[in-house]
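You will see chain A twice below: alongside chain B first, and alongside chain C after that.
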Partner chain A sequence: MEEVRSLAKSWLESRKVDAILGLREKNGHIAPHLFTETNELESLTILSHIGEINSKYFSSNRSQRYKKNVLFLLEQNYPNAKIGIVARGCDERALIELAKRDQLNLEKIEILGVACTKEEAMNCRCPKPYPTKLDVGKRVEKNSSDMNVEALLKKSLPERFSFWKYELSKCIKCYGCRNVCPLCFCEDCEMEQDLWVKVGQLPSEIPTFHFIRWYHIADRCIECGECEKACPVDIPLLTIFKLLRTDIKELFDYEAGLDVKQEAPLLTTLDETPLKE
Partner chain B sequence: MTKSEFKPKIIGFLCNWCSYAGADLAGVSRIQYPSNLRIIRVMCSGRVKPEMVVKALYYGADGVLVLGCHIGDCHYQTGNHRAKKRIAVLKRLLSYLGIDPRRVRLDWVSASEGSRFAQIVTEFTEEMMKLGPLSLKEAFS
Partner chain C sequence: MMKYENVLTTCPYCGAGCNFYLQVLDGELIGMLPCKSHVVSQGKLCIKGWNAHEFVYSKDRLTKPLIKRDGAFVAISWGEALDIIVTKFKEYVKKYGPDSIGVLSSAKCTNEENYLMMKFTRGVLGTNNVDHCARLCHASTVVGLVASFGSGAMTNSIGELENSDCILVTGSNTTEQHPLVVRYIMRAKEKVSKLIVVDPRAIPLTRFADFHLRQRPGTDVAWINGFMNVIINEGLEDRKFIEERTEGFEEMAKTVRKYTPGYVENVTGIPKEDLIEAARTYAKADRASIVYSMGITQHTTGVNNVRSCANLAMLTGNVGKPSTGVNPLRGQVNVQGACDLGALPNVYCGYQSVTDEKIREKFEKAWKTKLSAKLGLTVVEMINEAYDGNIKMMYIMGENPMLSDPDINHVREGLKNLEFLVVQDIFLTETAQIADIVLPAASFAEKEGTFTATDRRVQMVRKAIEPIGESRPDWQIICDLSRRMGSREFEYSSPADVMDEIASLTPIYRGIVYERIKETGLQWPCPSRDHPGTPFLHKGSFSKGKGNFAALEFKESAELPDEVYPLILTTGRIMFHFHTGTMTRRTEILNREVPTGYVEINPIDAEKIDVAEGEPVLVQSRRGEINIKALITERVPEGVIFIPFHFAECAANVLTNPALDPVAKIPELKVAAVRIRTRPLSPNKD
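Right after this comes the complex of A and B.
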């Protein structure tokens, strides 16, 4: 933690960045903050208790219809400013994926990469618990297998059906999974279209309602697991997304959030990104 | 419902430029094929959103056929490329949900392939007969 603070301090002092976006601990609460003064940096923190708030704190403001992320808004208001951002592995993947989809400009930001501890990586079932641009901390290797994924794959089709029937029947259509997702930035969400679902009515349309997000996120999910953490009724969403990411890797040899230059496979032609079956 | 009297409901999304014309040719040539297929004409197989397929299944279809132009023949150059990618991902997703991915089939039928169209519909209908009713809405509620 001290390393992060001192690095942030040197970045601010050397004017490498004009401000640093990070989390601040104040009066026992943690919230995003834009640090501009070095004396503020004492309160800079990285989450040690994951799940308390969305670690993708730079993502859009869901209370507004205008779903642009904080970095985009900063760039609009301060076009010449360079913003440093404290980012874990998943944060970095989200930033890359957002940049790929024109939601922010990577040239205007400087990533201060922080590796997660082994315990945190286990907790999140993380596929890559360190940013590629690593400044602080040591790489811990990812967990090679996932219990929930293996359990689902062992099930026969009818067993899977009854598994999801139970899990999805708990859904209260709170849209928490969508709101918390760093890659769900559409201003008009398909999950709120009367064409597909009865908006505001329970029980939810199983599986149409859930399927919409699963498919839409298929080639952009960065496997941060925020949706599963946000779900108030504990639907194992990360299981589906882990499987989907494996599929996208198998079918298109593509992984979201690793390289800005790689185009999303579902948006390209077969000549550009071939389909392997 | 016993299996013998089960008549599968099949929704077919047919592209305007090739497959719909292919179906038309099958009709004009009086080729016999099962009447289980309900055709929805779309401008391109790339128009078919996976949501449309799932909605069809949810509201009572036992199977969904998506037919488009052969790769390289798309009226919009690459619309069917997208369809192919989408359906591939969709099928995987359906299998995780416990729905047999064979219930969705993507194939190519050109405007001159009336008999191929009839053959695909026949095959697909027979396959749906074997798989039995889906009734997704009732099963999930």
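Right after this comes the complex of A and C.
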């Protein structure tokens, strides 16, 4: 913690960055904050009270029609500013994937990479609990397997089918999984289209409502698990995305969030020509 | 200088009291983030909460005071507007006395604002004519639970539901009206809990219920007496609890003797086998919770329904322990607080009676003024008195009776009959449209204060951005008006000052100061600065000492279906909209989900009426008629139709019955006799 603060301080003092986006503790709760003064840094924190990382905190959702991340908005308001960002492994993956899709400019940001502890990595069922650019903390190795995924795969196909049917029937259509997702930024979200999903219906149409999102971000998902954490009825969304990511890896030898230069498979046509988003 | 921060605040919609962060970049609201460490919302929200920031920047926001001249609104300055209002107040007080003025406070406003509004009404105007929409939703809860337990609030906390062994949900479509409360019901269900739903409609929760008992609307006392009949017959009552902690058991037991499962089946339509099994399940649970809402309260027998729920809980010893209790879910974010702070015609803050001389003296001393001992008028009574010409002027803050109250045609006539109407709101609501002066108020994102959630949890509302246009926070408007009326008792530097005064006068809030409202808020009763707050009530003994059983006979609703009006209309709310739609209908995604109203009709009735899905129909009651499209569904049983009340263009409350519960004065919004006519699109009369 102190290491992060002192690094942040030196970055601000040396004008390496104009501001640092990180988490701040206030009123007993932890939320994103843009630190512009070194004397604010004592409230900078990397931990949340309940042992959960408040990741992907650079998302914003004024409305789905204008869902731009905070770094994009900062660049719009301050084109010359350089922003430091305290990033865990998942944050870094999200930043890379967003940059790949023209949602932010990596040249305008400086990552202050922080590794997660073993306990944090377990809590998040994280596949890679450290950023590639590591400034603070020690790498702990990823979880080699996931209990929930294994338990699911042990079931027969009909059992898995009824498992998902039940889980999805709990959905209260809050769109929280989409809203919180750092990679869900389409202006015309297909989940809202009457063409695919009957609007105004509870439970949401099964399984179309969910399938649309799952397929749509299959090659974007960076496995942060924020969708599952945002679900009011505990639908195990991280489990399905772990499986989807495995499929994408096997089918296309692709992993979202690793390398900004790696072309996303669903952005390319069959003859490998990149499509514009 | 670039500035980006996140301001933690309380969601302005339902009484669950979820918290979230408003994201502010350079003074502009750019979005919101859920709060993972909040005790109820835990980083999750419903669709309304996720979009609660959108209406703040709506182009329809009121930005200037308006006055109606020659039938059209024109903008005037704050000074002019307030001076005209003050002149009118003084004129009517002088000419007709203070009781010629009626005030509606607001469950959408903060505790501090409700306190100031009732202090203004009582201390400056000199009348007890102050009420708010709690009258329409949980007036029967406040009265009924006080009579049974001594305190009119939810006994336990939302999160405790997760550890219940049995949850009985009745008259609450929890999934749609309190989505973050249903989280805990679903978690309980996925552990061990049994779930009993008693509701005429199939609601989202019934898909997960062990029992779905579909009573005929308005027969709640009968089925609850039936439950108690079964429990007593089978010796499943908690003898020790009854003897040590309650009074009136024998008389109650005598009354329920005739409510045998067979008798109850005849009255309610609930098959007797189901009733017996469900009653056993509830009684045998170690920790059983009752969750209810307006399906219980909005009846002419609302108080009896509430007291029946209390009876059932006491009979089985399910009060005063964690994960049990009688849990009314309050609909508006601060309807609990508006009641707590005395925006009611019979009590000051903290439910202290205006007719109690000692209490009145306390407030007279604190406010340095003489106070009226005469009980004030309730919401529906004010409208009636306006209609009759006895109320001359009304001051309405953040309420929309033109859509929320029963028998809207009558409401319109009443309000139009006023000599002067002032409405203070964030939008030009249906009610504001008929006002003489409209004052623009700041929204939740633009002011500071506290809200009290349904589980008595006092939480912070924090200012994220400056008020839009010339709009001002309600508390400042009330203080300004009071000063112009000549009062010196409204000098506050901030809402925190107001809370200090509230604490000094309100025993249940005595220990509440802003600095103490931190991670989890503070749950009242909080009688001192070092008191940690109270997660569940009635531990060891009831607030009133012993709990009171009530011996209650079933009574029919005021208006029953007959040959002319053969169907029962029941009204309610849906997931995607909130109350009169003032905020949700200005939110894009919610409108996209459900753009307008509909009437749910059972397929058997639809065939009799000869109407198909999506066709327009005319729904008529003795009070009015509306055009609305049909939705054919088995969600409603045969003989019952359902209409959500959010939509002005097909307002359910044109049809509803203003008959009142004799004690709580709550109208019977859940049962009215109606008929359906199929017709072409044009809304011409019969």
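The working rule: the second predicted complex is superposed on the first by the 257 of 277 C-alpha atoms of A that agree within 3 Å, B and C clash if a C-alpha of one lies under 4 Å from a C-alpha of the other, contacts with A are read in each partner's own complex, and residues count from 1 in each chain.
One rule holds in what follows: a contact is a pair of C-beta atoms (placed from the backbone, for glycine too) under 8 Å apart; a residue touches a chain by one contact, two chains touch by 3 or more.
These figures come from a predicted structure and were not determined experimentally.
Visitor: Could you tell me whether chain B and chain C fit or clash when both sit on chain A in the superposition?
Guide: Once both complexes are aligned on chain A, chain B and chain C fit side by side.
Visitor: With both structures fitted on chain A, tell me whether chain B or chain C touches more of chain A's residues.
Guide: Higher number of touched chain A residues: C.
Visitor: Looking at the overlay, does A:165 come into contact with chain B only (first), chain C only (second), both, or neither?
Guide: first
Visitor: Return first, second, both or neither, reflecting whether A:240 touches chain B, chain C, both chains, or no partner chain.
Guide: Touch status of A:240: first partner only.
Visitor: Mind working out whether A:266 is in touch with chain B, chain C, both or neither, as first, second, both or neither?
Guide: It touches chain B, and chain C stays clear.
Visitor: Is A:26 touching the first partner chain B, the second partner chain C, both, or neither of them?
Guide: second
Visitor: Please work out whether A:152 is in contact with chain B alone, chain C alone, both, or neither, and reply first, second, both or neither.
Guide: Once the two structures are laid over each other on A, A:152 reaches chain B alone.
Visitor: When the two structures are overlaid on chain A, which partner does A:203 contact: first (chain B), second (chain C), both, or neither?
Guide: Touch status of A:203: both partners.
Visitor: Tell me the contact category for A:39 with respect to chain B and chain C: first, second, both or neither.
Guide: Neither chain B nor chain C is touched by A:39.
Visitor: Report, in whole Å, the shortest distance between any C-alpha atom of chain B and any C-alpha atom of chain C after the two complexes are superposed.
Guide: 10 Å.
Visitor: Under the contact definition given at the top, report the residues of chain A touching chain B in one complex and chain C in the other.
Guide: 169, 203
Visitor: For the complex, give me every residue of chain B touching chain A.
Guide: 50-51, 54-55, 58, 71, 78, 81-82, 84-86, 88-90, 92-93, 95-100, 136, 139-141
Visitor: Can you list the chain A residues touching chain B in their complex?
Guide: 152, 155, 157-165, 168-169, 190, 196, 203, 205-208, 211-212, 214-215, 218-219, 240, 243-244, 247-248, 251-252, 265-266, 269-271, 275, 277
Visitor: Under the stated contact criterion, what part of chain C meets chain A in this complex?
Guide: 1-6, 8, 19, 21, 23, 25-26, 29-38, 43-47, 49-51, 53-54, 175-176, 179-180, 182-183, 186-187, 190, 204, 207-208, 460, 518-519, 575-576, 588-589, 592-594
Visitor: Which of the residues in chain A come into contact with chain C in the complex?
Guide: Against chain C, chain A makes touches at 18-19, 21, 24, 26-34, 36, 48-50, 52, 54, 57, 59-65, 67, 70, 73-74, 77-78, 81, 169-170, 172-176, 179-180, 192, 199-200, 202-203, 229-234.
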